[in-house]
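Take a look at these structures.
One chain, chain A, appears in both complexes that follow, with chain B as partner in the first and chain C in the second.
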Partner chain A sequence: MNAHDTSFHGRMDDGIEPGKALLHVDNISLSFGGVKAITDVSFDVLKGEVRAIIGPNGAGKTSMLNVINGFYHPQEGSITFRGEKRAKMKPYQAASSGISRTFQNVALFHGMSTLDNIMAGRTLKMNKNFFWQMWRYGPALQEEIEHRKVVEEIIEFLEIETIRKEPVGTLPYGLQKRVELGRALAAEPDLLLLDEPMAGMNLEEKEDMSRFIIEVNQQYGTTIALIEHDMGVVMDLADRVMVLDYGKKIGDGLPEEVQANQDVIDAYLGVSH
Partner chain B sequence: MFYREAGQYKATYEADSAKFPIFQDKLFIWAYLAIGFIAVPFFGNEFFLGAIMIPFLVFTLAAIGLNILTGFTGQISLGTGAFMGVGAYACYKMTLAYPDVNILIFIFASGIFSAIVGMFFGLPSLRIKGFYLVVTTLAAQFFLEWAFIRIPWLYNYNDSGAIEVPQREAFGIIVTGASASAEVRYIICLAVVVIMTWFASNIISGRIGRSWMMIRDMDIAAELMGVRPLYAKLSAFAVSSFYCGVAGALMVFMWLGAAEVESFDYNHSFEVLFMVILGGLGSLLGCFLGAAVIWILPVMIRDWLPPIVDAITPFTINSSQADLVSDIIIGVMIVVFLIMEPLGLARLWAIIKQKLRVWPFPY
Partner chain C sequence: MELLRQIFIEPFETMIALPDLLLQTLWEGFVSGTLYSLIALGFVLIFKASGVFNFAQGIMVVFAALALVGIHALGVPAYIAVLLTLGVMALLAFTIVRVVLKPLVNQPEIILFMSTIGITFILIAGGQLIFGGEPKAMITTELGLPTGSSDWEVGGGIVIFQHIDIAAALIAALLIAGLALFFNKTKTGRALRAVADDHQAALSVGISLEYIWVVVWFAAGVVALTAGILWAAKSDVSFALQVVALKALPVLVLGGFTSIPGAIVGGLIIGFGEKLFDLYWGSPILGGGTESWFAFIIALIFLLYRPEGLFGEKLIERI
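Up next is the complex of A and B:
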């Protein structure tokens, strides 16, 4: 794929074979002052899989995602993405290397329309300079139209054609979550991080969202790491599950293995002392 | 009934993302331009053009500048007056150094100086936001005012401390100085404002404008989508200050004719901020509406209120008392708008348009 090809591929070409590790997290420790959010956690995400991260509230799941896309800088440990070991990295660098995410509490651009929000996801793909944009003519207009076509593909995929021009602030919660997924997809990520994509949804919306996640994974081969509390969804969607509790990894493996893991059961149900 | 989009289908994305997708809107814009460029200078007298329309256009341009920063990027600034001053002094120094160059070139070039200064004072925005940023931009205001007084080189060592606009020509017509006609100055201001409004609307609807709005709405998510806060914020400061600088140059060269440091004090910063708030944050149309209300309304009240009061009541008031009345009205309007309609007159206008589109069947 050359750099000027603007058609939608779903993800960048990362040159990593399916089944090999796309992301390596090694011995990460993160603390805020005296609070240890994550303690010595290692795991990997294989290319093309759906990796779930679960755990009780406050276990450090969202902190883990924040470490992966550069919001937090861990005190110890290293992250290797696409074979490159990263030092301290800024969120926009993570974005340009192919990591995209959605947020637990919807973080859409509320003053903008659905269309503009998803166009915002294309920011990194657009490069025409200020002086072309000033005239909105020639290459700048061309670029705008090409990316609009891609965005329309995503809108069609997510079945949100009717709200294309609505300001996202006025949309119901379920649709906002869907628009946010669209925005993350528009960046054509290699690794898509979903922070509780089903939170607060009704059954039908959950089914829709699950369908979109599976389709993204299978159609485009996008690798997905998701945090979710709905165990039914996690066990159905995920290829492998990692369990965190109080910032420590207590379980990792296939959904069935994790379900049978005594530590995990104790963490969720509590254990009598 | 006449304002309806039924039957106007868009077959391309280009047509769908046009600035005025509805045919009637296009018609209105051309009508406004025709009125502005032909009817107003033809029928307007010296007072109407010189004291109402030219300052209205100057403040509109400054409001667009501030709106780019405050309305579209979410960085509140109180340095507008000073950035206008930078433009004015830069234009003055340049035209003294090179008297033969077309003054219009210098008016645009002065925006570049203002943009550089604005970017410098925009640096704190990378670390702080909200009220704290307001304070640092206020520091820019006071520092630059100090510079305009204490650096005599800026006003060419005049005894009065003021800059006086020399007579300059463009395309063989006298455009600045005492003998320039109001019509010519008005047409130049209008042309600059129209062109720069068009540029602003293009930038805002493109990638750069979108990245500004992303920073405004949710800076964390913006960073994650690949927007670099450094570039987005500083480019907003630069473009905003460029507009303010050009507005400042126009203010002195096309309107005031002479200016000293009081012309760029913080009152102007507040005035422009009120225009933006009243007109509508994040709307270019709002800049025109806000400037119109805050500049033209007091002039009308000053001229019309005293005779009306004389005629219908036993009291008499003079024009300075009428100014107080307009202060009260504008103050109340700002408070009411902040509470009832934070998006200002432009939002009201959008609501009216929406109602017109579906009239007479509201569903």
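Up next is the complex of A and C:
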């Protein structure tokens, strides 16, 4: 996709064939002072799949997402995304190479409207310079209009037309999560990281969110890595599941394999270590 | 009884008896109010984007004015000197972000605040070293700012409008409106508000904190230069000017540290308030000189009863 094409494609063209690894995480170890958050974990995410990361509280799931999108820098190991290998990534690099994410505790821009939040998600797609923006004229105005159209598409896709202008701080939790998904989608990511997308939702909201995740995956071919606690959701949505416990990988495979894995059952039932 | 009369009756009698005096006072209050607003805006921009209370804002006003006069003294035409000074402020913004803020990222706010005190001293010393410490005249006429005054006859008296005051109010108002629009309507403005709301989320959508910081520090530099020119046109360019920036503190307390409209309204309230109070209450009852402290008393009252200011975000701790 060239820089002047502002229509919504759902994702960038990453040049990786479906079924091949889009992301490779190799031997990652991460510690904070003396606390080991992740110990020597490797896994991959194949293009086009929905990959779930599960595990008990404190297992290092969110830390793993933070490593992938560059918030945390692991002491050991490397990450290969779209064929590019990096020891550490900066959040800006991660975002510009096609990784976007949502957060466990909804990290929206609370003072801004739904529209502005999703527009902010298109930051990297907008490249008219400061000079034009200053006068809000010419190319910059044109650009605003084009990107606004894309944002409207996303709003329609997520069925949040009615809250377009509402400040997101006032929205119910379930809708905030949906706006956050919208902001992540606005970047047209190759890899979408979702940190507990259904946390704190009621059954109906969970069903809606599952539907959106499946549609994003199927309609745009976006690769998704998600953390989730609701095993029902994970078994329904995920193509493959990785299990972390105390920062170590204890299981990896198809949902039914993982479900039958004795280590995983022990971890969830809390067998002493 | 006499005191009550002085407080509740006499001032209003004077206002009605001498409408020209009232109008003159209101006008002067408006002019200084717009300048307070402008300086307060410099603080608000930086505070919103980086959570730093920029102690150096006052000295930035002096530094910008000194740089302008200094560059002009080298024989550079006035308008080119303004452009070069803007360049100096951009360089300053870039240097501060690179050398001071970036290495201190994720440090507690008090550390960042302390670092701006450090910047203040560096700018004072640097300014004296490069431009010398003695007061200088602002290049008012060279910049095409008007001099002289117009009179307006009202109710048997006259109200005097200094032309420089009219220009100052106009320029300050235009700059404030321009900045407010820029930060509300453009992509960079949206990014600024995003950074103000949530650093991590802003990073995750690919907003560069460093870029936003340079933009706001530069904007604060532009504000400082404008305030420096307009204020120094009425007195002269000296390090005493930074005291003016102290007046922005009560404005911020009044308007809220994170609110652009708050800075504007707060500045006007302080501007009108201190002039009116001094003339009608301060001078007759307390013997004058109230202008220098009136704003701080108002700020104190606000801190006691409404610490978030008129427009600031209410601080609610979630349990």
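Simple rule for what comes next: the second predicted complex is superposed on the first by the 271 of 273 C-alpha atoms of A that agree within 3 Å, B and C clash if a C-alpha of one lies under 4 Å from a C-alpha of the other, contacts with A are read in each partner's own complex, and residues count from 1 in each chain.
In this section, a contact is a pair of C-beta atoms (placed from the backbone, for glycine too) under 8 Å apart; a residue touches a chain by one contact, two chains touch by 3 or more.
Computed from a prediction, not measured in an experiment: that's the story for all the values here.
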Chain C versus chain B on the shared chain A, clash or fit after superposition: clash
First, second, both or neither for A:121, with chain B first and chain C second: both
Which of chain B and chain C A:187 touches, first, second, both or neither: both
Touching partner for A:108 - first (chain B), second (chain C), both, neither: both
Partner chain in contact with A:246 - chain B first, chain C second, else both or neither: neither
Touched partner set for A:145, first chain B, second chain C, both or neither: first
Which of chain B and chain C A:268 touches, first, second, both or neither: neither
Which superposed partner A:96 touches (first chain B, second chain C, both, neither): both
Overlapping contact positions on chain A, where the chain C interface meets the chain B interface: 69, 71, 91-92, 95-96, 100-101, 103, 107-112, 116, 119-121, 123-124, 126, 128, 130, 133-134, 136, 140, 143-144, 183, 187
List of chain B residues in touch with chain A within their complex: 12-14, 17, 199, 202-203, 205-211, 213-214, 216-218, 220-228, 235, 282
Footprint of chain C on chain A - complex, ascending: 69, 71, 91-92, 95-96, 100-101, 103, 107-112, 116, 119-121, 123-124, 126, 128, 130, 133-134, 136, 140, 143-144, 183-184, 186-187
Chain A-facing residues of chain C, complex: 181-182, 185-188, 190-191, 193-194, 196-198, 200-208, 215, 313
Contact set on chain A toward chain B in their complex: 69, 71, 90-92, 94-96, 100-101, 103, 107-112, 116, 119-121, 123-124, 126, 128, 130, 133-136, 140-141, 143-145, 148-149, 152, 183, 187
